[in-house]
Amino acid sequence: MPETLKLIFQVLVFPGGLFALCLGLCLKGFERRIRARLQRRVGPPLLQPFFDLAKLARKDTTIPEGAPACLFSALPFAGVCSMAIAAAMIPITGVHLAPAGLGDILVLFYLLAIPAIVLMLAGSASGSPFSAIAFSRELSIMMAYEGPILLVILTIAIRVGVSQGGWIALSLNDIIAYQQRYGAFLFDPVMWPALLAFLVFFPANLGVAPFDIPEAESEVLDGPLLEYSGPLLGLFKMMSAMKAGVVIGLGIALFYPNAPGGALGLMCFVLKCFVVSSLGVAVLRTSMGRMRIDQAFRFLVIWPGILGLVSLVVVLWRY
Amino acid sequence: MKELQALLQRELDERVGEQNISLECRTNRKGVTTAWCRLKRIEDLLPCAQMVKALSGRLSTITASSREHARESGTHELAYHFDLDGDTLTVSLLLPLGAEVDSLTPLFRNADWNEREFMELYDIKIRGCLNPKRLFLDESIAPGVLDRLIPFSALVNAASTKTLWERILANREEGQ
Amino acid sequence: MSSLSRFAGKSPWLYRINAGSCNGCDVELATTAIIPRYDVERLGCQYCASPKHADIVLITGPLTTRVKDKVLSLYDEIPNPKVTVAIGICPISGGVFRESYTMSRPVDEYIPVDVNVPGCPPRPQAIIEGIAKAIKILESRS
Amino acid sequence: MWQLVLLKNLLKGPATEAFPFGEATTPAAYRGRVAFDPSACTACRTCQYVCAAGAIHFEERPDGLRFTLWHNSCVFCGMCQHYCVAKAIHLTTDWHLSHEQARKYEMVEEGWVPFRPCLQCGELMLPATPPLMRLAYRGDSKEIEALRHLCPKCRQTRAAGRNS
Amino acid sequence: MTTTYKLPVGPLHVALEEPMYFKIDVQGETIAGLDITAGHVHRGIEYLTMNRNFIQNITLLERVCSLCSNSHPTTFCMALEQIAGIDIPPRAEFLRVIADETKRVSSNLFNVAILAHIVGFDTLFMHVMETREIMQDVKETIFGNRMDLAANCIGGVRFDLDTERKSYLGAQIDRVIPLVGKIHKLYLTDRTILSRARGVGVLSKSDALELALVGPVARGSGVEYDVRKKAPYAAYDQLDFEVVTGSDGDVWSRALVRIQEAEVALDLLRQCLQKMPEGPICASLLPEVPAGEAIAKSEAPRGELIYYLRTNGSDRPARLKWRVPSYMNWSALPLMMKGNKIGDIPMIVNSIDPCISCTER
C-alpha cells in the first residue's frame, strides 16, 4: 500500500504533477525573458506564465458548435495526465529514481507522443479547416522525428546494456548509473552524433523554431488550439509547460545526469534545465525563422536519421 | 513631344478615320505628354485599343462618370487611360443610357477589374464580359451608386452625423 | 476563485479586428505590439491569433457594410470577460468616411465599446495609454 | 553574421522606452489636441470649410458665435491651423486623448466669440482682430485700433471721411 | 492526401493586416487555385471626393491608405495644379520629394519586416522595424505624425525645413543608411530567408507585362518601369538615381528590390538636402480652379499611381478617379501561387505588398 501511495505522490506532486508544472512554467517565464533580452526588449515578468494560467482559469469556456463536447473537453485532461506520469518517470540523480511500476524508457517515449496526439485530436474535434492543416502537419512532423529518435535511444540502451553483460538496457535508472560510473555521454565523442540527433529532436518535439510549423501563427492561426478558450486552453498551456520540463529532463538523464545527491542534486537538475532552455530554446527562437513543412520533414528524416545511424554503428562496432 | 502627337494622329486617322476623333496633346514643362482623344462613335474603341496594343502601351485604368449636364438623359462618359512609356493617352467616349460597350479584357487582361468596377458603380453594361461578379460593392447596395446624386444610405449617414452633433452639443449644455 | 481575478490585469491578451481601416492604425498597432521600443509584453500583453483567446479587443476602421456582420460574429466569439478599445477616430465616429454609402454607423452602436483612443492614427504611446485604461477595466470585470 | 547581431543585442540591453512607466518624448511639431483662441477668431469659418472630417461646428446666436471642435472626429491634419488667417486655432502637442466611453461626447474644444456693440451705431458685430487689421490696413496706429471697434458700415463711412 | 478542398483565408485573418477574403483550392499542402473576394475596405471614397471641396479632399485622400498616404494628396495636387495652371516653386518640388521618399523608406522597410515576421523570424522583424522607427521619428519630428504627413497643399507644401531640421534630417539619414545596408546583407545571406523566399511565387517578365503590373512587383520580374524616370515630376528630373530591378521574379527578388529602393530613397533624400534651393514653398493660398481635366502620375512606394481629375469650375471635383499600384498586382496572385505550398501563401501575398485599402477605396 505505501508503494502505491508513494507512486501517487510521485505522479501528482513530485517530480510529476505540481513540480513539473512549476518547473515548466518557470522555464517558460525565464526563456521569455532571455528571448526578450536577445531582442532588445524588457519582456514580461518572470512569473508571467503563472499569471496567464490564473487568468485563463477565470475566462468563459466555449465549445464550438458541432464539436463532440465530451472529447473536446476530455482531451486537455488526458494531455496533462500523460505529462504528469511522464514527469514522474524522469529520474533526478540522487533525488528520485524512476519507479519501476511505471515502466521503462520506451513507455516514456510513447507517453511523450501523447501531447502531439492530443493536439491532433483537439484540432480535428474543433472542425476548423486550419485545425485540419495543423493536424496533418503535426502528424508528419511526428512521423519524421519518431524513427531517428528511436535510433538514438537504441544506441544508448545498447551501450549501457552491453556494459551490464546483457544486450540492451531500457531502464533510465541503469543509464544514469552507467554515466555516474563511467562519465557523462555529453563528454564522450562517440556519443556526439547521437547528441546532435537528440538536439534536433528537441525543437521538433517542443514545437520551437524552426519546427513550429503546426502552430505557425501567420499560416494556420494558433494551430490546433484555435477553438479552445478559458480553463481548457489553460490545461493545454499546462501540458506544454510540463512537456518542456519532461523533454529537457529526459535529455539531461540521457546525456548529463551527473550530480551530487540530496537538495544539491535537485538544484543541479533545475539549473541544467534553465541552461538548456535559455541556451537552446531561447537562442533557437531568436536566431532563425520557420521551415516549410516539406523542408522540415526532409530535414528531420535525413539529418537525425544519418546521425542516429552513425552513432548506432559506432557503438555496435566499439562495444 | 511633337512626334507622339504626329504618330497618334497618323495611327488614329488610319484606324478610325479623321472625322471620327478629335485629338489634343499637352506637354508639361518636364516634357511629359498627356494626349486626349475623343471618340464620336462607341464602336471605335476597339480599334483604338488595338492601336495602343500595337504601340506596346498598357491600360492604366478606366474612369466612368456621369456627365452633369446629361444626368437626366443618363449619359455616361468612359475614359480609358493608356500608358505609352510614361506618356498618357486618354480615349474617351460618351455612352447613352442602356448602350453597351466592348470589353477590353481580351486585349488587356487587367481591364477585368476596371470593367467590373464601373459595372457596379454606374450600372454600365459590357459586351463580352467574362466575369460579371460584384467586385467591391456589397450585394446589399443597389448598383449604380455613383449615378445617384445622393445615395440613400449616404442620406441616412448624413442624418447620423446630425445626431452625433446633437449629442455633443446637448452634452455640453449639460456640462454648463 | 476571486483571488484569481487580480491576475486578469496582468495577462491581457490582445486581439485586433480591422473593420475597414486605411491600415494606418493597424500598422501602428503592429508596431506597438511587437517591437522592442514599446514592448507591451512588459504589461503581460500578448497578441493572440484566435478570438477565443482574447481579453482585449482592438477595433480599427469605420465598419463598412461588407465587413460589419463578420466583425459582429467575431466579437461574439470572444469569451467573457472582455474589454473593447476603439483605435483611431474611424470606429469612434466614422471620421472622414462618415457620410459614405458603404458605412455602417459608429461601432459603439453595435457592440459595447469601453475605451476610445482618438487620433489619425494615434501614436503608439497613445495606444499604450488606451490599453492601460482597458486593463483597469478588465481587472474590475474579472 | 546573424549571431553577431544577437550578441550585440544581448550586450546593448533593452531599447524599450520608459513609457508608460515614465514620460514619453513628444516632438514640437506633433499634431495633437486642437486649441482655440476665441479672442483672435474673426468668425470667417474657413476652418469649417477646410475640415474634411466635419469636426468643427459653429452655432450662431444673437449675441455671438459658439465654436465647437470634436476630437473624436478630428483627423489632426492641421488644415484649420494652416488656413486660419487670424491664427485663432492651433494644434498642440498633447496626445493624451484616450478616454473611457462615458466621456466620448465630452472630448471637445470650444470657445465663445461674443459680438460687441459698434462704438458708433451700437449694432452688434464682431470686432476685427488686430492681426487682421494689420493685414487689411498694412500698419498699426491708434486710429486703426479705433476702427477695429466699428461695424463694417461705420468703418467705411469713417474711412471715407478720412480720405476726403 | 490528394483530395482537393477549399481553404478560406480571411476576411479577418491575423496574417493579413487588412481584411481580404481568399478561397484557396488545396491539394494536400499544394495550392491548386485561388479566388479573391474583395470589398471589405470599400469605403466609397470616390463618391466622397465629389462631395468635398478641393482642400478637404487633400486630407480625405491622405486617408485612402496610410502606407502610401503621401502619394495620394501629392498626385491629386499635381492634377489640380495642372488644371489651375500653377507651377509650384522649385523649393516645394524638392520638399515634395523629401516627403515622398521618407514615406518610401518606411513603407518598404515595413513590407520587408513583415516578410521576416511571416517566416517566424521575429528577431529579424524587430531589427528591421527598429530601423524603420528612426524614419518614423523623422516623420513625427518634421511633419507631426508618424503615418499621415499632411505635407501638401494646393500649389506647394505646408512644411518647411529650417537649418535645424535640415541637419536633423541629415543626421538621421546618416544613421539609417548603414543600418539598411546591414539589413540588405542579412536578406542576401540569411538561411531562413533564402530557403523560404527563393524560388517561391515566381512571376515571369512576360506575365508581368501582360498583366500591366507596376512597381517593385514588376521590377522584381525585370520590368524596368519607374514613373520617376519615365514621366518625371516634382524634382526627380534634377536628381541622380538608378531604377532598381531584379531578375528572378520570386518573393526574394521582390524583397531585395524593396530594400534597394529604400537605399535609393535615402540617397535621394541626401541629394535633396544638398540641392534644395531657397525660396517660397507654396505658390498661392486659395487658387481659383477653372473647368478642365488632367492626368497626374507618380511613383508611390508600391508603383505607379495615376489620378484623373475633371473639374467644372466649382470648388469640388466633378469626377475624381485614381488607380493604385496594388490594383493590378492582385491579379498576379493566382499566377504566383500555383504549385506552391500552403505555408507560402502569406509570403506570396505579402510579396506584392498588397494595399487593400488603396485597392478598394
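Per-chain numbering from 1; labels A, B, C, D and E assigned in written order.
Heads up, the rule we're going with is that a residue touches a chain if its C-beta (ideal position, glycine included) is under 8 Å from a C-beta of that chain, and two chains touch if they have at least 3 such contacts.
A quick note: this is a predicted structure, and the numbers were derived from the prediction, not measured.
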| item | value |
| --- | --- |
| Common touching chains of subunit D and subunit C | A, B, E |
| Chain at maximum distance from subunit D, centres defined as averaged CA atoms | A |
| Geometric centre distance via CA averages, subunit D-subunit B, whole Å | 40 |
| Mean-CA-position distance for subunit E and subunit C (Å) | 26 |
| Intercentroid distance (Cα basis), subunit C paired with subunit A, Å | 35 |
| Cα-centroid distance, subunit A relative to subunit D, in whole angstrom | 63 |
| Multi-chain contact sites of subunit A, meaning residues that touch two or more partners | 36, 38-42, 217, 221, 286-287 |
| Of all residues in subunit E, the ones touching two or more other chains | 14, 39, 42, 44, 47, 59-60, 63, 117, 122-124, 126, 130, 140, 145, 148 |
| Per-residue multi-chain contacts in subunit B, two or more chains | 137-138, 145, 151, 154, 161, 164 |
| Touch relationships between chains, expressed as pairs | A-C, A-D, A-E, B-C, B-D, B-E, C-D, C-E, D-E |
| Of subunit A, residues touching subunit E in the complex | 38-41, 129-130, 133, 136, 209-210, 212-213, 216-219, 221, 285-295 |
| Residues of subunit E touching subunit D in the complex | 52-53, 55-60, 62-63, 123-124, 127, 130, 137, 140-145, 148, 150, 153, 158, 185-186, 189-190, 285-286 |
| Subunit E to subunit C touching residues, read off their complex | 11-12, 14, 17-19, 39-45, 47-48, 51, 59-60, 63-67, 69, 110, 117, 122, 125-126, 129-130, 133, 136, 140, 145-148, 355-357 |
| Residue ranges of subunit D in contact with subunit B within the complex | 54, 57, 59, 68, 70, 73, 105-106, 108, 110 |
| Footprint of subunit A on subunit C - complex, ascending | 1, 4-5, 7-8, 10-11, 36, 39, 41-42, 44, 46, 48-50, 52-53, 55, 77, 79-81, 142 |
